[in-house]
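Same chain, two partners: chain A is paired with chain B first, then with chain C.
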Partner chain A sequence: MFEIKNVSMIYDMNSDEKLYALNGFNLTLPDTGLVGIIGPSGSGKSTLMYCMSTLKRPTEGSIVYDGQELTGLSNKQRENIRRNEFGFVFQKHYLVPYMTAMDNVTVAGIGDRKELYKKGAEYLSLLGLKKREFNKRPSKLSGGQCQRVAIARAMINNPRVIFADEPTASLDHENAFRVMKILKKYSEERLVIVVTHDRSVLSDVDIMVEMWDGKLSNTYMPMSERENYE
Partner chain B sequence: MKGNLSALKFVRNNKKQVWVMIVALSLTFMTMYIINFLFLSTQESFKGLFLEQPKKVAFVDLAPDTMGVDRNSCASDEEYYEKTDEARNKIIENLKEHEGISDVIYTQCLYASYTPVVGAVGYDFPLLSKEKIPEYLEHMEAKLISGRMPEGDGEILVDEKVLKNKKMEIGGYFNESAYGKTFRVVGIIESDYLLCVGTPQGYTNSGWYMVVLCDEENSDMSKVLSDIGIITTEYDTIYDSVDWAEMYEDMVTNQIDVALLGILIVVIIFLAISILVAYVSFMRNRVNEYCLYASIGFSRRDIYGMIMREILIIFGFSILLGAVMTVIIMLVMGNFVLDNMGLIYNYFYPEHLLRILAAFVVIVGFLQIPVSVTINNIKTIDMIEE
Partner chain C sequence: MSKLNPFSALYYMKENKGRTALLIFMMFLGTLMFLAGNYIESQFYTFEKEFEYSDKLVVAGLQSTDEEFKDFAAFAEDVSEDENLEFVYSSALGFSGMQYGSVLNLEVGGWAYVFNSVSDMQKVFNHFGIEGDFSNCKHRSIIISKDFANNKGLELGDVIDHSFDSKLDGEYTVDAIISDGSFCTFYIYEDYDSLGRLYIYSDTMEGEELYDYVRNLAGDKKVQIFASETDTIMPQFSIFYVIFYAVDILIAVVLSVTINSVVTGQYMKRTYEFGVYRALGRSRKDIKKKVAAEIISMNIIACIIGAVLIFLFTYLINELYYHPQGLHLLFLSEMGVIGFVICEALILIPLIISKGIKMSKADVTEF
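Let's look at the complex of A and B:
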């Protein structure tokens, strides 16, 4: 699904010492599966995710998504892809403070309102929210509950790719495990890219991408997954 | 397939903020229209007196020179007065023969005043012999609705609106402050012209006039007098349809229009500033929300559309609420205040309503400034998190 070739992202282009967030990065990802991107802070994980999701344009290189070169797309085309094909979970949940949990999930929804509310309720329940919490505003929910609402929002349009930046950062172990299980299930038919620095949440990934200083330091498929692929 | 960003979510979930805005806007709408309603009731109340009455009656006081009497050729005052009376009587006879003039009566007049919401008007009315009064009422299409016709001296018939305006009743003394108990109200008449008429008693300060009962086509007295060979000058006093119409335009319509426009502009400037400040604050609190929408694929146009829909819902609802409040307040004021003041009023002034609506459109236009600035400064989450 993704073919990333020689992608570099340089900040501070005008200074003498260029700052490489990504430096000649190459990666190919399949249509489905759970992909974990791991690395220390500043290794370029989030920048890679932003470039792949069209939020950022890389300075050089090519990112092909589903046969389409993303780097050359107009703003309108990039918006359309984000809107129709991608789902996002950001580090901070970015919930709209005046909306209920349910409205926050369906705000990005495409299609029939009733269906959206039905689907939203289904996802929120799956993610461990109780029905009475659906109508609570973010200020009345815990950080973990907010993050789960943000995950449900990312899934509401059944996107082909979910980009999740530290999706379990504000969750306890039990809920982190539950969320990863749901993302794993979702990745059976779609692609889920999880950016994290917490290796423990990536035990179930199909592909692990390790980054260091804007470069790919290692990529591997866990043994169990390799057997499945074989 | 695309889903729009719903404007209703903001409206539904921010009831307090939205209501404050709606109440402020609807009160402004109501205040503006009520001010128009009250000011224009003055215009309406004056219409009959200024525009309709002079089509039926004119008051003419010609200078002796105009009547062809030369002061220097008269040996004494008595001769001068005699010649003036003769000349006037001749003119009266000639006027009576003019087409469209049904009668001309040289008589003393009395002063009446009428005070609407804004300003006041004073006008003279004739003091006739009791035998002439029915003829005058018939000509002016007025009828006695209460009390009786004047039978003795110093008895007055007063239009019901004027009587209410002066807070008087039958038996009260007219212009008591100036004439004491000389003129007593004996009957109430219904007319379209704030009409008053009475019988004389002693002398008044309003002077003597030729009261010309005319039809509409012959209500321009300068022209009528010119037809009988009298050329009027600036020394003559003529209150006819032309003169009253000019006064109505200069002193009533134009001044009220200028005042209303001035009030509208001042209110709208203050309202626009308040709404702008409120909206800048609203939008500042929602920067992260807009940023989220932009990040998950909504275009700036989608976000702009949502904000504009929110604004239109708020303004639309404000106008509806303002209209309902305005109707209620107008009914109450009309029935309990203006009627008691003997004023004439209309509820619906389309031109002024459109002016207020246009002012609201201008405010929506002003709101484009903060909206456009916000839209142009929307960042995506990657930019915020860096």
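Let's look at the complex of A and C:
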């Protein structure tokens, strides 16, 4: 699905001391599965995610998604890919405060609005929200519920890839676990990339990517290691 | 299911009534330039009939250099023989039109017509299309319109003395009130000693065509062909236009800055909302269209409210204040429309462009 080759993101290009958020990064990811990207603060995890999701253009290198080179695409083409292929879950849910939970989900949708509302209702129910909560605004929902609405929004178009940037950072343990379980389920047929600094939420990932100082420090499959151990 | 698309402008306005109401109120202030333009142009309303009559009748008079009145007499002969023209004689004494209070509370003097006899007056009135009861009219009669009479507080039979105009000797009586809506003063003054003016009119010509015809007929003769009211008065009014449009632009700039700062504050709070839309794949064009739709929708509502309130205000003030004075505040005017359009353009265009660009650049990665 993704082939990342020698990608660098350099800030302060004209200064003598360039800042490398990413430094010659290489990675290949499959079509499906739950991928955890972990590293300390400032290691470049979010920058990597932004580059992969076309929210930012890397300074150097190439990112190939499904055979298509992303770095050379026009803004319109990048917008199309984000709209049709990608979904996003942010650290703070970033729900629109004046929209109901249902409207927050469907505002991201493409297609017939009746169908979108049906799908939205399906996902919200799957994510544990009750019907009476569909018409509530984010201020009337808990943090965990808001994050689940954000996940439903990310899933509404059945994207091939979901990018989740610190999706459990503002959640308690129980809700964090619940959210990761949902993402894991989704990753059975799609690719879900979770960026976090908290290793404890990545216990079920299929691929672990460790970063340090803008570089790939390690990548492995925790499940296969566990199988080997067992 | 919400009936409105959550991405639409109407959805935003419905769910954010307080903010929307504030902006609509501020945009409503811009529509007041329409009322201001109507107010200014209403000043010219009282001259409408004067201009119409001036287009239909050319005044020709003695020139002071024509010492023996030879040229004037020859010109009068030419006019009488010309089958395209009609005329009546009038006194060379230049009576003034009575002054009246205008919409802008300015004292304005109207045009005066002086007829040597009732029959001369009726000939010209027929040409102007003025009807009325002139049975009481005689030497030293004044004929004015109902609107003019209301404005001056005059009634049939009222006496006006020469203190109003030093050229008037003795007293004049309001002997007929007509309904032509003009603010002209029509005198009947029998003056067979100094008939030094001609009122020239035609059944087949008026306006520039009539004036050019009469000037050509006069040729080099020492005869003064008075310029039309339109040519005399309108240039004096140009200062009103200049001042109004200058003030309009100034007010528009002030409103634009004020509204822009309020709108900026509101949109800054929504930067992350638009950043999320961008992350979800909404194009910059979609974002700009959404911003434009929100601002324009609010403005349309403000304009509708403004139109209704201005109409009601104009109706009431006409009924209660202006009509009893024979005056009229216009419901619609060219100046009002142009003033409104300029103001709206100066408010909306920078707002839509600046906010559209700003929000289309919202970047969720920078939150």
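Everything that follows uses one rule, which is that the second predicted complex is superposed on the first by the 222 of 230 C-alpha atoms of A that agree within 3 Å, B and C clash if a C-alpha of one lies under 4 Å from a C-alpha of the other, contacts with A are read in each partner's own complex, and residues count from 1 in each chain.
By definition in this document, a contact is a pair of C-beta atoms (placed from the backbone, for glycine too) under 8 Å apart; a residue touches a chain by one contact, two chains touch by 3 or more.
Treat the numbers as computed from the prediction; the structure is a model and nothing was measured.
Undergrad: What does the overlay on chain A give for chain B and chain C, a clash or a fit?
TA: Once chain A is superposed (C-alpha atoms), there is a clash between chain B and chain C.
Undergrad: For A:Met99, using the defined touch cut-off, is the partner it touches chain B, chain C, both, or neither? Pick first, second, both or neither.
TA: both
Undergrad: Please indicate which partner A:Lys114 is in contact with in the superposed arrangement: first for chain B, second for chain C, both, or neither.
TA: second
Undergrad: Looking at A:Met1 after the superposition, I want to know if it touches chain B, chain C, both of them or none. Which is it: first, second, both, neither?
TA: It touches nothing on chain B or chain C.
Undergrad: Looking at the overlay, what does A:Asn80 touch: chain B (first), chain C (second), both, or neither?
TA: both
Undergrad: Could you say whether A:Phe90 touches chain B, chain C, both of them, or neither, answering first, second, both or neither?
TA: After superposing on A, A:Phe90 lies in contact with both chain B and chain C.
Undergrad: State the stretch of chain B that overlaps chain C in the combined model; pick it from 96-104, 114-122 or 330-338.
TA: For chain B, the clashing option is 114-122.
Undergrad: So chain A touches chain B in one structure and chain C in the other; where do those two contact lists coincide?
TA: 46, 50, 55-56, 75-76, 79-84, 86, 88, 90, 92, 94, 96, 98-100, 103, 107-108
Undergrad: So in the complex, the part of chain A that touches chain B is made up of which residues?
TA: By the definition above, chain A touches chain B via 46, 50, 55-56, 75-76, 79-84, 86-88, 90-92, 94, 96-100, 103, 107-111, 137.
Undergrad: Name, in rising order, each residue of chain C that touches chain A in their complex.
TA: 1-2, 5-7, 11-12, 15-16, 272-273, 275-284, 363-365, 367
Undergrad: Per the contact definition, I'd like the list of chain A residues that touch chain C in the complex.
TA: Residue positions touching the partner: 46, 50, 53, 55-56, 75-76, 79-84, 86, 88, 90, 92, 94, 96, 98-100, 102-104, 106-108, 113-114, 117, 153.
Undergrad: Which bits of chain B are touching chain A when the two form their complex?
TA: Of all residues in chain B, those touching chain A are 1-3, 5-6, 9-10, 13-14, 288-289, 291-292, 295-299, 380-382, 385.
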